[in-house]
Amino acid sequence: MATVPLLTDEEASPEARAVFDDIRKTRGGDFINNFWRALAHDPALLKATWERLKQVMGPGELDPLTKELIYIAVSVANSCEYCAHSHTAAARAKGMSDAQHGELLAVIGMASQTNALATALQVPVDDAFKA
Amino acid sequence: MATVPLLTDEEASPEARAVFDDIRKTRGGDFINNFWRALAHDPALLKATWERLKQVMGPGELDPLTKELIYIAVSVANSCEYCAHSHTAAARAKGMSDAQHGELLAVIGMASQTNALATALQVPVDDAFKA
Amino acid sequence: MATVPLLTDEEASPEARAVFDDIRKTRGGDFINNFWRALAHDPALLKATWERLKQVMGPGELDPLTKELIYIAVSVANSCEYCAHSHTAAARAKGMSDAQHGELLAVIGMASQTNALATALQVPVDDAFKA
Amino acid sequence: MATVPLLTDEEASPEARAVFDDIRKTRGGDFINNFWRALAHDPALLKATWERLKQVMGPGELDPLTKELIYIAVSVANSCEYCAHSHTAAARAKGMSDAQHGELLAVIGMASQTNALATALQVPVDDAFKA
Amino acid sequence: MATVPLLTDEEASPEARAVFDDIRKTRGGDFINNFWRALAHDPALLKATWERLKQVMGPGELDPLTKELIYIAVSVANSCEYCAHSHTAAARAKGMSDAQHGELLAVIGMASQTNALATALQVPVDDAFKA
Amino acid sequence: MATVPLLTDEEASPEARAVFDDIRKTRGGDFINNFWRALAHDPALLKATWERLKQVMGPGELDPLTKELIYIAVSVANSCEYCAHSHTAAARAKGMSDAQHGELLAVIGMASQTNALATALQVPVDDAFKA
């Protein structure tokens, strides 16, 4: 249960509906996931979030699957239940294999461990690493 | 200043020195960064951490640069100063371009933002995302 | 399901009951939410937590609604499911409008994003910002 | 030391300079803080971040000082050193008194504590709190 | 619902089954909790994680219950729902009393609060604390 | 550099001085660490924080060293630089050996890793773990 009701297409304002339409067109499908239905309570925030997401996750110097793996990594470290689910599903849709998923988990686990060790030890940054 | 002194080669135990030797051999260089010099106080932890890291970050289904980008993403979300520096340097050494760095930052920023929104809204996971 | 059973009024100790009574009196209602029923297993911790909360969230230099918005912001960044729900409800009860809720979310999202960027870039603090 | 060099006005690209100009015009002063000088390496990210920040933190349903207090709260929970400094300075510039600062800290401390307790106890969300 | 199906003994690979067998032998019981059934999708990660856990949580300079209390503390601060449940149950199985549980919660709450205050105030580390 | 000036004994208010006196008396020494000198700007917050800390960290069902280890664990997971330093120093003063420190780090590292894995996999809580 969200902290706001999830809006159906009928309940959404025209501004929010326009964003739903663009999501459908961009993704080539009818499905609107709950995140956008919750954000639809604030059409301006919905629009700003979707437009930035579309731009950031689109084609660029990093391929779309790599971007999803990075997204999962951040979501896990931030302990976001919804995001872990939605971006794991998105990575699979973009071709993530089981073996790649396993390696992603191993890297996330390793980083989490050495992050904690470096913080516990308060290791000073080597001069060699400074830009 | 770390919470433990950083051990020089001379101060490290033979067990810790053996790990330093393997780091040098694996990386093909003489430099041992401060993280390992701090961990050297506990040779068993040093050895377990290094051996796992070598295995996880080595060749596999994901290429080494992609693994570094994921590592940076986790380190940033965990607010690890040392790790942000050391893995950004490592990513550059593995070929990360300025443009890729910029896209990495954009994805990390986007994920951090939608993680917060999804958590604030407590969006329920769509059935479509469940394994 | 909590990691401890939630105590009913009958199951709570006299010390815990006294805190329940003060919660009811302070809030002007009969409802005791689950957080306090879980904490009731340790009456001393229950009492210390409630008394401090009552003092901190009471009238002062910041108005009660502003305090709730700050509480939500911290709870979201700490990924506390219970707290996101309970303090969003509390903010509404203290008058938070839908438009204010939307702006709160926008600020939380923005801060989460620039927090990540500043950490990823390890931006040094400007002299002008130092006290 | 940042993970990228901080760009001076002369080193910044014309696109980045245009953002610096807008920051100066909006804030009514010449000072460009380090966050923007680091972001200037990616002019598109700089522009997107600044334009969104300007929009989110501008006048609205919540007053500018309240928005800064919320920003500080998120930044502290995310352990962002740069952001804690820069937004505390910004809040003072927008009129935060010492007494308000003290209350902000008390609320942040209280929320951090009950976030941890609710998570440790895994308290189930009361039906009364669900939207 | 996990992001991967939980594997039964029959569905697990021989490599994963061998780990399940060692978990049963080590713990002296038939129960395999969901964490391992989810990890079983990547037998190498399952094996590495279990073997390291067995080593780290075994007898040493800190007694097993103390190690569980530390594990709970980290899990709570990282907002890990599964881990809060599983390690609270493990601590009880290792003899944690209700009074010890209450004190653990009080310390976690206190640390969370002063962590936030120290970060908000950006308190410089005293020379006396440096190694 | 803190976000507030650190107050000397002379600059502190009588209320803050009284807390300093109690810290000195309780700890049996003259040293007041920076955390309290920063908090002294808000004597009421200083007093409430110190009195609660004294109570929580005092003798009880858990021994003082165990409480410090738990405190370090939370501080590391929350990425609090000041707290990692101050509580590692406090643990040493209460008798933490190098071997215990190494085991503490190993447990914190292990927990950080499995926290991330459980969150990435969104493992459902076993019925057996529910209170």
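Chains here go by letter, A, B, C, D, E and F, matching the order in which they are written, and residues are numbered from 1 within each.
Everything that follows uses one rule, which is that contacts are C-beta pairs under 8 Å (C-beta built on N, C-alpha and C of every residue); 3 or more make two chains touch, one makes a residue touch a chain.
Since the structure is predicted, the reported quantities are computational estimates derived from the model, not experimental observations.
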Response to the item:
Sorted by label, the chains bordering both subunit C and subunit F are A, B, D, E
Worksheet item: Counting C-beta pairs in contact, does A-C beat E-F or the other way around?
Response: E-F
Item to complete: Find the geometric centre of each of subunit B and subunit E from their Cα atoms only, then give the gap between the two centres in Å, rounded to an integer.
Response: 21
Worksheet entry | Approximate Å spacing (C-alpha centroids) for the pair subunit D, subunit E | 34
Worksheet entry | Set of subunit F residues in contact with two or more other chains | 1-4, 45, 48-49, 52, 74, 76-81, 84-85, 88-89, 102, 104-106, 108-117, 119-122, 125, 130
Item to complete: Once you've mapped the touching chain pairs, tell me: line, ring, star, complete or other?
Response: complete
Discussion item. Give the list of subunit E residues in touch with subunit C in this complex.
Written reply: 79, 81, 84-85, 88-89, 98-99, 101-102, 105-106, 109, 116
Practice prompt. Provide the residue numbers of subunit B that touch subunit E in the complex, in ascending order.
Written response: 1-5, 48, 52, 55, 125, 130-131
Worksheet item: Where on subunit B does subunit F make contact in their complex?
Response: 3-4, 41-42, 44-45, 48-49, 74, 78-81
Worksheet item: Which of the residues in subunit C come into contact with subunit B in the complex?
Response: 72, 76-77, 79, 81, 84-85, 88, 104-105, 108-117, 119-122
Worksheet item: Quick one: in the complex, what on subunit E touches subunit F?
Response: 1-4, 6, 31, 33-35, 38-39, 45, 49, 52-53, 56-57, 60-62, 66-67, 69-71, 73-78, 80-83, 85-89, 97, 99-100, 102-104, 106-126, 128-130
